[in-house]
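In this document, chain identifiers A, B, C and D correspond to the written order of the chains, with residue numbering beginning at 1 in each.
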Amino acid sequence: MLGPNRYGKAETRLVRVSRDGDTHGLVDLNVSIALAGDLEATHATGDNAAVLPTDTMKNTVYAFAKEHGVGEPEDFALLLAGWFVGSQDQVDRATVSIESFAWDRLGPHSFARRGDCTRTTTVTVTATTTQVVSGLTGLVLLNTTDSEFHGFVRDGYTTLPETTDRILATAVDAKWRHSGDTGDFGQSYEKAVEALKSGFVGTYSFSLQQTLMAMGSRVLTERPEIAEVRLALPNKHHYLVDLSPFDLTNENEVFIAGDRPYGLIEGSVVRDDAPAATAEWWL
Amino acid sequence: MLGPNRYGKAETRLVRVSRDGDTHGLVDLNVSIALAGDLEATHATGDNAAVLPTDTMKNTVYAFAKEHGVGEPEDFALLLAGWFVGSQDQVDRATVSIESFAWDRLGPHSFARRGDCTRTTTVTVTATTTQVVSGLTGLVLLNTTDSEFHGFVRDGYTTLPETTDRILATAVDAKWRHSGDTGDFGQSYEKAVEALKSGFVGTYSFSLQQTLMAMGSRVLTERPEIAEVRLALPNKHHYLVDLSPFDLTNENEVFIAGDRPYGLIEGSVVRDDAPAATAEWWL
Amino acid sequence: MLGPNRYGKAETRLVRVSRDGDTHGLVDLNVSIALAGDLEATHATGDNAAVLPTDTMKNTVYAFAKEHGVGEPEDFALLLAGWFVGSQDQVDRATVSIESFAWDRLGPHSFARRGDCTRTTTVTVTATTTQVVSGLTGLVLLNTTDSEFHGFVRDGYTTLPETTDRILATAVDAKWRHSGDTGDFGQSYEKAVEALKSGFVGTYSFSLQQTLMAMGSRVLTERPEIAEVRLALPNKHHYLVDLSPFDLTNENEVFIAGDRPYGLIEGSVVRDDAPAATAEWWL
Amino acid sequence: MLGPNRYGKAETRLVRVSRDGDTHGLVDLNVSIALAGDLEATHATGDNAAVLPTDTMKNTVYAFAKEHGVGEPEDFALLLAGWFVGSQDQVDRATVSIESFAWDRLGPHSFARRGDCTRTTTVTVTATTTQVVSGLTGLVLLNTTDSEFHGFVRDGYTTLPETTDRILATAVDAKWRHSGDTGDFGQSYEKAVEALKSGFVGTYSFSLQQTLMAMGSRVLTERPEIAEVRLALPNKHHYLVDLSPFDLTNENEVFIAGDRPYGLIEGSVVRDDAPAATAEWWL
């Protein structure tokens, strides 16, 4: 028996240049599309009468980039998702996810890739619902102090010493769900990122969970258009080096940056009156 | 308001050598643990009275590897997940995910890493439920023929020609949910992999969806202990090179192996009488 | 017969915090060390009487970070390389390579990783010579216009059309060799990066080779302390999408960002009176 | 002043299917080409009159795969390198590097990617010389015992305890230079890999340098056509877990598989009467 299923074209790499006048614009996206609907036949027998080729989805990305321009990635995702649901009767649900790579301007038509993090969006459209999720991945933040960890459970396998001063570092993977499906998504993103950063910087932390809650709450406080924030925060451990064999002290100055294992703190902060999500979005 | 949350230690790298006699055994695992439960306080104020450190989880992995041995990864995950739910009152749910790397024996105490794919398991335990999911990632399969694709929808953005002979290639990402929580997980895994391979090899394919359905169905047919199979199959496109500018024909002999974009076909095959899943498992 | 050989500790991850006062400093390095010298015995019989353990090299990195501080990566590499040659008679040559990750300040003790590129250095010290090489990797630059490519050789396998307007994009991998072994390496680096960027931005390009030459020459013109610049510039192809099937024009607006294959242009620009290199450095 | 330089097309992904009869063959390659010669003009002014486009090199790979077939990667690289030097007067030297991915046969036209390691070759051709280098990367080998490490230098930064029983693990990166430019490169490769493995397995090791020497020597002993072997062997550390806090012993049974840092042992073994290399090959 066929269970839940979907299909689409993943990772269509689009670079869109705006050449209005001498000063060019640059948009650099990685677009993934997934469609669900009446797809029994192709699974059962390979009858593709209901299958829009994934190649066509790719073509649509490029053609729409020309016809409509791109704008904010959320808007472009809404345009694409709406198109597939609207134009293909057999499609019940379209999910468009976009990674957006930022570039710094070096000249009228020259750019350097920024590289600090990747902006993301996932838009899900059905005949009756539209859900917009924005986010980012790979934003690496670090506080050299103002982080403690103590008072935790100790069982027979616990050896961790308590600490009142440690490095707190994480690579933020954040998604936030908008209450509606319109708005100035560019400004919303910029301000949400600022809120995440200031939540991290401004919290004297007794656990990464507390910092997570502070970051998510800050976003909700400052951005009324956002209903819910989900954060996955790896605790990028920095181990204090024992320098005593060399007759040296180490007062939180010299650290090993560890790779694995790492803590992983995942949680969401939800506005009291948030409308329910209409689609899975926390993948 | 705090929404769903969990925390744990990710990617604890464990190598366990069995030294019973001259012929050693080798188990090579990457263990990730996530606990959920009454964690409001640490999020709200950084009060860690209910927080078992992730460092303790890491220690537990290593200590249990000594105390109990490892065995099949599903069994080791069950042992760990049961321990955390059973020993920590505030923990409602423990999820243990393990990647297992296979090695070929070269001698009594010598090995070469196999590298063909990674075996996976995710076990979720609560006070009343236990769910075992097995799987694999990175198994790359390719048929040089017996694959067609035609009869699909054409809209204004469709340029793909129909084909009656193409390469079909994919990197299998598969998970399957067991009906129960006991059994010979080693044999079950080996036979499920065989079923996936034979489903791929033995299907004359008119769409990758049809192949997906065949692969999942084959697993369910051959393995009664498995309730459901979920597959994510990238369509690793191989583009026929146009050699006509060089006065050469190309009868499906010379291909470009493409990186991006790729099709992505996701679907599940469920036994009619499958018990419902008791935890999220398709991440 | 044993040929050329060396050994050492690779990828020691060091984070050094300066806590002088309330405003902390942060240095984030990846240090690799390789020693060569009289190592016949350990290769022949496993006699390690001349082998300083790689674990000791790691310890030295951390201890020196405390004892001497870190400063510019070139200076730290000089300190380490000199130490191994000076303190171990059997060591003839020490090579220390450092990757340095930049962070932006967010507050007195808060930082965000920059991510635009990685600064590198390789220092090689023998009893009589010292060579300092600086560089960077992963700096992605793009011009949306002012790039042509035509007038090239055509043979029987050439199908590429000539173009008078294309995107030119590359990920700069650069190394430059200093004439001496002292100086303000921090300022030298910042100015060399500026020169590379301005060489890329300011060149109306007829080939990526021409751009490479302009970038390297700019560095030599502006930085008298640099003797030679070597550049490896992948030509990150951006393919113009054919939108004519959809009755759309594409006047250099919509591009596919390709992954593979890519052009790879490698070359060096050397000052006329540059002293000869005393060690391999272009790996 | 322009220094050493070259250019070419990197990472052309070629899949070649042989369809002679019902049982198909599959060759899966990643081909990189670099040409050097009279390239002053394009660097100086962007005059491309001597520049064969990298796009043409890509086309040549695909066309030659059809016209001549592929065979062993060394033979295909020789064919390509010879072509560029022979057909383009301005080209003095052509270097062709190929990665070859192995597949296991599952059926007459079905395959699974093996994944244990990647076979490599680098061929360099000039008007008067031809050099063939074969090799592999990513072959991960592990001995659970028969490895000691002691008797090493101790200085003020040495804390490593001596050991008479440890895990020895490495990811072999090997290249070997052939004396000539003809032969059965397929058999030569298979036997060289066997020699590397048996050298690793059969050596009771007192240092990884000793193991390196044994592996290289074994190749030279068994393969008269090979003049020189170069090995880069990361010492993939496996750290014994201290289980004493849990009142458990750990007699070399439970290990942490470390990521970074790692030892890196590099060395070559050369036949006494080996002809000199005619081109750089150890990159």
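Going forward, a contact is a pair of C-beta atoms (placed from the backbone, for glycine too) under 8 Å apart; a residue touches a chain by one contact, two chains touch by 3 or more.
Since the model is a prediction, treat every value here as computed from it, not as a measurement.
Asks: Farthest from chain C by Cα centre, which chain is it? Let me know.
Replies: Relative to chain C, the chain whose C-alpha centre sits farthest away is B.
Asks: Can you check whether chain A and chain B touch via the same residue numbers (shared by over half) or via different ones?
Replies: Here the answer is same, because the shared fraction of interface numbers exceeds one half.
Asks: Distance from the CA centroid of chain A to that of chain B, rounded to the nearest Å?
Replies: Chain centres of chain A and chain B, defined by C-alpha means, are spaced 23 Å apart.
Asks: What's the distance between the Cα centroids of chain B and chain C, rounded to whole Å?
Replies: That pair's centroid distance is 38 Å.
Asks: Please list all residues of chain C that touch 2 or more other chains.
Replies: 13, 59, 63, 157, 159, 245-246, 259-260
Asks: Over in the complex, which chain B residues touch chain A? Could you list them?
Replies: Result: residues 1-13, 30, 32, 34, 39, 42-56, 58-60, 63, 87-88, 148-155, 157-160, 205-210, 212-213, 228, 230, 234-235, 260-272, 283 of chain B touch chain A.
Asks: Taking the touch rule as given, give the residues of chain B at its contact with chain D in the complex, in rising order.
Replies: 13-19, 24, 26, 28, 59, 62-63, 65-67, 103-104, 106-107, 109-117, 138-146, 167, 197, 200-201, 238, 241, 243, 245-246, 248-259
Asks: Which residues of chain B touch chain C in their complex?
Replies: For this pair, the touching residues of chain B are 156-157, 159, 245-246, 259-260.
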